[in-house]
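Each chain carries a letter (A, B and C) given by its place in the written order, and its residues are counted from 1.
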Amino acid sequence: MTTIKRLTTNGIALAALLAASTNLAQAQTELTLWYHGAGNEVEETIINRIVSDFNASQGDWDVVLEAFPQGSYNDSVVAAALAGNLPDILDVDGPVMPNWAWSGYMQPLAIDESLIENFLPGTKGIWDGQLYSIGLWDAAVALYARQSTLDALGLRTPTLDNPWTGEEFMAALEAAKASGDYEYALDLGMAWTGEWYPYAFSPFLQSFGGDLVDRSTYQTADGALNSDEAIAFGEWWQSLFDNDLVPGTSQDPADRDTGFINGSYAFAWNGNWAAVAHLEAVDDLVFLPAPDFGNGSVIGAASWQFGVSATSEHPEGAAAFIEFAIQDEYLAAFSDGIGLIPSTPSAAAMTETYREGGPLNVFFGLSEAQALVRPVTPGYVVAASIFEKALADIANGADVADTLDAAVDEIDRDIERNSGYGH
Amino acid sequence: MAALKPDNHGLRLAVRYAVLVLIAAIFIFPLVFMVMSSLKPDFQLLSDTSSLRAFLPVGDISLNNYTAAFARAPVGLFVFNSVLVTGLTVLLSLFVCSLAAFSFVFMNWRGRDVVLTIIIATFIIPFETIAIPLLLIVSQLPWIGLDGFQIGWLNSYQVQIIPWIADGLTVFLFVQFFRDLPKDLIEASRVEGASWWQIYRKVVLPLSGPVIATAAILKFLVMYNQYLWPLIVVQQEAYRPVMVGLGYFFQLNPAWGEIMAYLTLITVPVLAFYLVLQRAFIASIASTGVKG
Amino acid sequence: MASKLTQSNKAGWAFALPGFALIAAFIILPFFFAFGLSLTNQRLISPNPTAYVGLDNYRNLLGLAIITLEPERDEAGQVIRDADGAVQFPRVRTITRSDEFPQYRGMREWFRWQSGEDARIVIASDVVFMKALTNTLLFVMIVAPAQGGLALCLALLINQRLRGINVFRTIYFMPVVVSIVVVSLLWRFIYDGSDGLLNNMLSGLTFGLFQPVDWLGNPDTALGSIMAMSIWQGVGFHMVIWLSGLQTISPTLYEAAEIEGASKWQTFRYVTWPGLRNTAVLVLIVITMQGFALFAQIDVMTNGGPVDSTQTIVFQAVERGYGRQDISGGSTISVILFLLVLTISFIQRWLTRERT
């Protein structure tokens, strides 16, 4: 008996020891997560909540967040990739994703497809037939106006089904200018250099019938960015500045923030992330759809998304975190926090502003009806930077056809030097 | 002050001061604008920019922007990192560069002129243009620290310090200054049997107050204002310096009041450094017996 | 100084070594790395293998050609003129985008002049780079003498015995203390086109006669505005360098001049200025180098615009290397810049050599 008892005691001790050692072996593996929201209190609070909820919800992974200032986030990631120092999970701006995927910074995202069935198309980062990234929100742009302005100028309120035509749009701007009540008729946000230009203004080009590159092959911009339609877009674009309808490239960023609110600008072309602040300041704010310049009303789509870096040793852990993060609860939290469109209708129903009858519900419709993703190609990053310069130059009086030709040459040279960017 | 020659011409004195004050106004107004703006709420700050109110502490004055700035970003950490990196680099740089300059000016050795020409030529190269190659180099360098041996210098203080210690401009500053020092002094010490190190330490350095101050200020400014380099070699907040930290305040809608508060805060260490050096600088002139 | 007494190879190398080794490792080595990249098609981001391309990058930046355009004529052979009487020429793109002239493919007009009835047009492979080159040279040519001269005036002004002079010296130095990025941000408010401080001040001083200028948004004023701000920002630093030079001049020389009865100008010309020779070389070289490295102001204030009027060499190097992900192109620019400045500093050295 004593022997048996000893054995049993030993057995229990052994079992305890084994349990302890497996526990040790299963100690949480650290996963690093990079996010672009440093200094943004709202975003940091939500992302921190997701991280701590996730860490508490399971015992395998311990996610550690490193936040970066948005303005230099892409540079930080590229530098880290060059130096071989990428994290496990990173967030990536939708149109940039193909560039990073193609260069081997990211790996396909293995998450349960059924989880993202209901996600808005702009939130899914797909390159080369594979899902690389998924977004908790989408962004949309609208023409901000006051109902009182529309009434005073005697303008028809455009709708999704019946947006303003190009002529109606220009007539509205001319009317605002003629009223003498405004410093400028329209604020395009020229102070926001960077991705805003291609994101916000290439839809105008597309509505005219042009595009950044030829999307049938992605091998040239010739015939897309310097077509007759594109030149018509360029002439129109230049006329906005020549006729003092919009502030130019030297616009003070502070005027961009306050100009529409304090009544210096009659209309503003702005994103839904600014909507909450504007709703607080302007009583009769309305969000109008993009004008139709002949080829349909178009706005951009795709915002920040989460993906897994190619060098991550624990893609399954990274995927587990992303699956956790895309729950409706968090989608709704981000939407309420920063005013962006939640990726699913069920999350939208949980929000203050995007639920049925909510003040921003209109953006859901806009996104659904007008959204067109920026060209899905690794070459987009360079093409966008070239397009941005062309837009600024034309705004400042450069010859339209020559500038667009030069942009085409530069984009084509870039595509050639990258051996076609893998298309 | 009693030693000053009294200037009896009251009117001329008044004109002199008037000129000095006028010029001072030109140099100081953007900084007054910065400090005053840091005390105002955004809306007032922006509307004030169009008038003289921008330079006056009027309206809704408070320290709220400072509180908000500390809440938004770890300001103290950024300033600490910058001051640490800058201070160490300046000290090491002064030593290494003055030593090299000493050998170029006072010593005669084979290859001297070639090496000096090469070093001076390097300050033609703007840092921005070699940042990526340098990144690739430092990411492969070995380091033995408290955590043991590791490859790669990313996310550390040394990666922000060591590549910046020696530079052509600092060497050149010292060389130009040393050339004006009396050579007989060095020759005499040599004859008396002093070692090169003793001459450097006991003869040349004590005479070098002005150039040390100048080189230190220049290096301090370069280091304290580092942006591109820390941006690409530091991914952890723990090592971030002030200029990268500025990015925390540039959200899509920049918080201008907080930005001004942050800018005011990060300017304080540099100003303090200059004021301290200025005293040392004047003291050193007095001690060398060169009086204006 | 070639006496045996000072010949000391080992000690000389030992003193110079720490500095030289650091410079070799962290400046010279990466620069050779960059030079190597300039001969390849290396991209910042790419899975494709790197290939040697010889001098292609240099040709793409520096390629120039002159073409001649004949005026457009109607059926009768008469030159067509527009409403203002200006001769009408075919567009340059009819040549640069035509398959007839593959050698001009991708080139753009840089500038043109009239030669008889024809127009001569200089076309460049990279007009933006050409503009960056000329803007940078212009910047250096104006800022170097202006900033150096103003700094000397300030140094002379501040080098007098007056109560509280230290306070003024500190104030003049203040803009130097503030980061150029910060200064550029502040000056954007000052230069604002509609209700900026500068416009309002000028308007106030002229009793409203002055029409507001969009200082940074107008191609004619943008570069000048950046020059003015740069001079303002850096002048205090060079003032301090001049001051340290002034203070090394022995007071006995001034006393001698006073005894000789020299005028103020004579004292400056024959005592002060010769005593500042080394300082002058230093100031000139430092300003020139800083001028060629012009970047932060452009990056914060204009991004090279409007219409390339503020493009600079370093801004282009950064824009290509990072913005356009073309690290070989960016490296090529830095090599060209290096050679350019090296040439210029040899010329400067030759001009400021000690004449014996």
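Keep in mind that, in the parts below, a residue touches a chain if its C-beta (ideal position, glycine included) is under 8 Å from a C-beta of that chain, and two chains touch if they have at least 3 such contacts.
Predicted model, so just to flag it, every value in this text is computed and none were measured.
K.L.:
If you tally the C-beta contacts for B-C and for A-C, which one comes out higher?
P.N.:
Looking at B-C and A-C side by side, B-C shows more C-beta contacts.
K.L.:
Look at all chain centres (mean of CA atoms) and spot the one farthest from the centre of subunit C.
P.N.:
Checked the centroid distances; the maximum from subunit C is A.
K.L.:
Using Cα averages as centroids, what's the distance between subunit A and subunit B in whole Å?
P.N.:
Their C-alpha centroids are separated by 39 Å.
K.L.:
Per the centroid of Cα atoms for each chain, what is the distance between subunit B and subunit C, given in Å?
P.N.:
From the centre of subunit B to the centre of subunit C is 22 Å.
K.L.:
Starting from the mean Cα coordinates of subunit A and subunit C, work out the distance between those two points in Å.
P.N.:
For subunit A versus subunit C, the centre distance works out to 37 Å.
K.L.:
Residues of subunit A that contact two or more other chains, please.
P.N.:
As it turns out, subunit A has residues touching two or more other chains at 75, 82, 254.
K.L.:
For subunit C, give me the residues that contact two or more of the other chains.
P.N.:
44, 189, 192, 196
K.L.:
Where in subunit B do residues touch two or more other chains at once?
P.N.:
In subunit B, residues 49, 132, 136, 246 touch at least two other chains, as defined above.
K.L.:
Can you list the subunit B residues touching subunit C in their complex?
P.N.:
Touch list, subunit B to subunit C: 1, 4-5, 13, 16-17, 19-20, 23-24, 26-28, 30-31, 33-34, 49-51, 54, 96-97, 99-100, 102-104, 106-112, 115, 118-119, 121-126, 128-130, 132-134, 136-137, 162-169, 171-173, 176-177, 179-180, 183, 187, 190-191, 196, 200, 210-211, 213-214, 217-218, 221, 224-225, 227, 243, 246, 259, 263, 266-267, 270-271, 274-275, 278, 282, 285, 290-292.
K.L.:
Under the stated contact criterion, what part of subunit C meets subunit A in this complex?
P.N.:
Contacts found on subunit C: 41, 43-48, 91-93, 96-97, 106, 108-109, 127, 188-189, 192-194, 196, 214-217, 219, 302-308, 322-326.
K.L.:
Help me check something: in the complex, which residues belonging to subunit C touch subunit B?
P.N.:
Against subunit B, the touching part of subunit C is residues 1-3, 5-13, 15-16, 18-20, 22-23, 25-31, 33-34, 37, 44, 154, 157, 159-163, 165-166, 168-183, 185-187, 189-190, 192, 195-197, 200, 232, 236-237, 240-241, 244, 246-248, 250-251, 278-279, 281-282, 285-286, 289, 292-293, 295, 314, 317-318, 321, 327, 330-331, 333-334, 337-338, 341-342, 345.
K.L.:
Which of the residues in subunit A come into contact with subunit B in the complex?
P.N.:
34, 38-41, 66-72, 75-76, 79-80, 82-85, 192, 253-254, 257-258, 273-274, 277
K.L.:
Going by the contact rule at the top, pick out the subunit B residues touching subunit A in the complex.
P.N.:
Within the complex, subunit B contacts subunit A at residues 43, 46, 49, 71-73, 132, 135-136, 139, 152, 154-155, 231-233, 235-237, 244-254, 256.
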